[in-house]
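The following pair of complexes shares a single chain, chain A, combined with chain B in the former and chain C in the latter.
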Partner chain A sequence: MTTNLNQADEIRARIEADSSSRIVVSFYWGTALIWLTIATLAGLISSAKLHSPGFLGDIEWLTFGRIRPVHWDAAIYGFGGLAASGTLLWLQARLCQVQLPFKHWLIAGGTIFNLGMLCGVVSVLAGYSTGVETLEFPVWAMTMLVIPYVIIVVANFTMYARKKTKHTYVSQWYLMAVTVWFPVLVLSAEACINFGAVDGVAQAIANWWYGHNVVGLFATPAGIAAAYYLIPKVIGKPIHSYHLSLLGFWTNAIFYNWAGTHHLTGGPLPAWTITIGVVGSMMMFIPVITIGINHHMTMVGSFHLLRTSPTLRFAVMGSMMYTVSSFQGSLEALRSHQEVTHFTHYTIGHVHLGMYGFFAPLMFAMMYYAMPRLMRQEWSSARLIRIHFWCTLIGTALYGAAMCFAGVKQGLMMNDPAIPFLKIVSFTIPFLWLRTLAGLILLAGTVAFLINFGRMLMRYKVTFADPTLFTTERNWDALLASGKEEKPA
Partner chain B sequence: MFFVFMFIWAFAIFAGITMVWLLAWAIRKGEFQNLRDGARMIFDDTEPIGTVTDCFPGESGKPAKVGAK
Partner chain C sequence: MSRTLFLALGIFLTIAASVTGLVILPNWQFQALKPVAKSGGLLYPEQYFGDNKRGREEYIAQGCIYCHSQQVRMKGYGADIRRGWGNRRSVPRDYIFDFPHQLGTMRTGPDLASIGARQPSRDWHSLHLYDPQITSPGSIMPSFYYLFEEVKKGMPPPEGSVKLPDAAKNHADVGYIVPKERGSNLIAYLKRLNQSFPLPEAQQ
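Showing the complex of A and B:
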């Protein structure tokens, strides 16, 4: 075994890790889902404005230039930040077999983060955006998002220092890296752009270095960490190749950072800066292929469990979409590809395949797996879980297909000078309606999950106590029955 | 502005050195040896390899004695 504990201590450690993180993690995940609902609603309004420009057109707070940044910031920081932090804290406590430390500080940090989000969103809606993509919140509001990360970093490394296991699991590498990378990214980008350390096109480089890395070095590692824990844990089978998983982590750490400048292909930058971004994007095939092979080969022989496990459904969907969206993203970096797809709806389709297709389902999977163990209570409705899954799958597929197809066609038409621009705009309108429909489906799924999550927190309709296969509880009950142990609080 | 520049460079160098140091530390500590056991660390005697640990609520377990609240 790779632990210093005996069987009873292992069960005790797992129960104590889950119990200690119950309030903090529920708070982080609960508020993350509220921000996801706000983000999806804001996205829906933005989407509707593209095919029906008069929709809510006389409310200045909801004009496209304000509601669209709210959509993205609420998704990446509000949902992404809080969901990833909750995942990090729960998983690190479990894998280290220790209790979550600094609970009051973490609750205070989560509250500051949520207040920062609220202030940022209201500021952008009121017209006080900085105008810098992904850094639209005023500096003081962004500061409120970074401060809690100091507490999370300290809690994370404290747990690691106290760990009772001998080995560092691959998910832990990702979790520890993400806590360090996020503050580095934000502080560096803010210093360069909003504190004016650089100007002109150098700001654009800093902007897209940040914008690309906040997805790849913040959201992505949290998602992959979740997949590397959940898939083997749910199906009861170790990762296909642990060697490849570590190779994937270190190559991701080395190469991802260089890829951001491919967003500026065609811009007024030195060619070598773009080339670095293209080369970094090509090198990303290494971690993507290793992770894709690992997830798929681990699942081989266990795909039938997708019928019976909600966690596995979301985890496998997220993992498959990681491979798809990452391949797509790397290819998008090529200049020949960008000649067609740059500045089209294709890029929007890609981003949504990444966030709604890869990252969000893996966070949902983590919540479906962990919440019953944290609350010691089963989900109240299997039907709501199924509605959530199918809405997420269908909504993402419809969105991705509509936007990617429309984007390629739009790009080809724009490259033909004989086609009037208005004709190209008219061509995209049916696809923009499909995009709004996809957003509605995604919103329905999110609301279904929010209801189920709220019921869990309120301990509503506790009909089943056992079906999530609570092996921890069952084994503990067996130990209790033997009269050798006393159950921890 | 000079201090902001210095801050960015210091931060970047610190982050880079930290990653290299972390990799060297992990190699020294043997984190990349005995990976077979490493892959199995998420399993234990109570949730061993071969045990499925998730399913839809109400579809494989026994109904609890607790009713609706």
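Showing the complex of A and C:
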């Protein structure tokens, strides 16, 4: 990043940008973590209900068909929406070297968003779901999630217009994409599905165009923006290749859009709609390989820093899982693959590898990096960070392995009409137990993070001023090599 | 600034293209679909009305879609037809009155596109929804007992009640169950789910 400012001015601008976004960003991230906890709890309850259907069976509000959509909506909108928005605001202010504008409006927006989430969740639990997957919240509650976005989009463009740097960093392309895509996505999907502009099975296509893109055009670009920022920042080296970044960005933008219809393979739709989805998914190999190579080549020679830096560990886990889960997703779109794994737990495993293996760790990395700079205080406990990391890694791996294996077997059994359906159900039960175990591990990690995060917000007394790293003795060499030049005084 | 504009416009165009291709175009293609004439002056498919319409709302409120699909895949792709989930593949015309669609993406439970043809009995649906273990031991479907009135053993059976089999576990003191209005709507909807009418385009 070349700038027209000298180094000292640059650092001052960065500190000013950070202190301007302190309240807004910690509010967004703090509430994001609360929604992540709610989502994880709802997921655990859903998971337990599948192997023990009597669990909490007396409460209509917690029946599987209600708590399960609450789990996903809380994860994608509550955690995903707020974590990505916080990332967007903090990163854009920093990269533009400007102060965060419209702070009061953004706080109001965050409050409306949280209230909208609460209303949406209660509506679904009470049985007022719209019945459209991923758009379960009633339209009025969904509107409460979109209104804050207007403010976020305006703030984003304002910062961009005021930016003091000459160049636009690759993360900023992705942030720009998030702000343009998310409102268009939600508004088109709501207009077409819940306002009934689209009929019959065309609705299903619109539904999965949305359902796939809310992950691909919202969570994914936010995650990649974080990776592009954090990896070079922590290891103190520039991104491997500008041209690969460019290729990765535009191919991702063009192809991801079209991939969603593979969620309907084999369904009552004309073949061309599915074929488009398959082609889009296959073409996704280009951005995924490009971005993977770019991040990997940047990391080469710096892998030893994974021992010390929490931020880097989460960021690298996220980037690697981006490649893994995207490869898996592309292959999954093939008709021969879908014949077996569609309608099974395999898909559920894949979603978790993407959301909890790729997106969430990058958001965690962002928070681990930015919060000490926002609050001018270090994380109180390296042990809690370590617990969080290992729980995230082991929980996700166990979840993905159990569900993907069970899913393939389940699909093969389902395609053999000689096997009675209930036999397939009983085959999956041990794996459903494993999933509950994985969920418990993930919950433990989330709670560890929540404690560390809460302590920081409450100004829990820390006796040290240097960054909290994984090594027991505070290693200044690693610290300097990690390029944390703006260590709080 | 022109580069910024290029970036923002490019980003917008990518999504505008997919909205056109995947939302607007398919809708044009399907808008012309109309019901076809069945024997006896009836049409297929029919609009939902009365109890089956309210039952559809109950199906949505209970979130059945998270475990049950409503689509039969074609012969040779999966084993849907051989499992008896339908006698033909599903086609777009089957769904012209489905709002919102309930195609589903999960088969933790079996497909329900033609459950009405497979299980036409009101009693079976009542027992199954009240406690799936009665009709399908080992099922992991939740019990929807709150959609039913329970009648103690020894009490006279009210009209429309269904007798619990004596072997029913966990319900030692219950003699009969009667679907409440919501339960009876849901059963009406499930009984109506039937794609067995041979639509010409589904025969290819």
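Heads up, the rule we're going with is that the second predicted complex is superposed on the first by the 466 of 489 C-alpha atoms of A that agree within 3 Å, B and C clash if a C-alpha of one lies under 4 Å from a C-alpha of the other, contacts with A are read in each partner's own complex, and residues count from 1 in each chain.
We adopt the following convention: a contact is a pair of C-beta atoms (placed from the backbone, for glycine too) under 8 Å apart; a residue touches a chain by one contact, two chains touch by 3 or more.
Predicted model, so just to flag it, every value in this text is computed and none were measured.
Colleague: With both structures lined up on chain A, is it a clash or a fit for chain B and chain C?
Modeller: clash
Colleague: Between chain B and chain C, whom does A:Val234 touch in the aligned arrangement: first, second, both, or neither?
Modeller: first
Colleague: Tell me the contact category for A:Asn415 with respect to chain B and chain C: first, second, both or neither.
Modeller: A:Asn415 contacts chain C only, not chain B.
Colleague: In the overlaid three-chain picture, which partner chain does A:Cys192 touch, first (chain B) or second (chain C), both, or neither?
Modeller: Once the two structures are laid over each other on A, A:Cys192 reaches both partners.
Colleague: On the A-aligned overlay, A:Glu10 touches which partner chain: chain B = first, chain C = second, or both, or neither?
Modeller: Touch partner of A:Glu10: chain B, not chain C.
Colleague: For A:Met142 in the superposed arrangement: first (chain B), second (chain C), both or neither?
Modeller: A:Met142 contacts neither chain B nor chain C.
Colleague: Going by the contact rule set out at the top, does A:Leu246 touch chain B (first), chain C (second), both, or neither?
Modeller: Once the two structures are laid over each other on A, A:Leu246 reaches chain B alone.
Colleague: Could you say whether A:Leu95 touches chain B, chain C, both of them, or neither, answering first, second, both or neither?
Modeller: Only chain B is touched by A:Leu95; chain C is not.
Colleague: If you stack the two complexes on chain A, which partner ends up touching A:Val184: first (chain B), second (chain C), both, or neither?
Modeller: A:Val184: touches chain B and chain C.
Colleague: In the overlaid three-chain picture, which partner chain does A:Tyr169 touch, first (chain B) or second (chain C), both, or neither?
Modeller: A:Tyr169: touches chain B, not chain C.
Colleague: Where on chain A do the contacts from chain B and from chain C line up?
Modeller: 168, 180, 184, 188, 192, 196-197, 250, 253
Colleague: Tell me, which parts of chain B touch chain A in their complex?
Modeller: 1, 4-5, 7-8, 11-12, 15, 18-19, 23, 26, 31-32, 34-69
Colleague: State the interface residues of chain A toward chain B in the complex, per the touch definition above.
Modeller: 1-3, 7, 10-11, 95, 165-170, 180, 184, 187-188, 191-192, 195-197, 229, 232-239, 242-243, 245-246, 250, 253, 305, 308-312, 368-369, 372, 378-382, 385-386, 459-469, 471-472, 475
Colleague: Which bits of chain C are touching chain A when the two form their complex?
Modeller: For this pair, the touching residues of chain C are 3-4, 7-8, 10-12, 14-19, 21-23, 26-27, 29-31, 33, 60-67, 69, 71, 73-74, 77-79, 82-84, 89-92, 94-103, 105-108, 110, 132, 136-144, 146.
Colleague: Where on chain A does chain C make contact in their complex?
Modeller: Against chain C, chain A makes touches at 49-51, 53-54, 57, 60, 63-66, 68-69, 127-133, 160, 168, 173, 176-177, 180-181, 184-185, 188, 192-194, 196-207, 209, 213, 217, 250, 253-254, 257-258, 260-261, 263-264, 266-270, 273, 276, 335, 339, 342-345, 347, 414-417, 421-422, 425-426, 429, 432.
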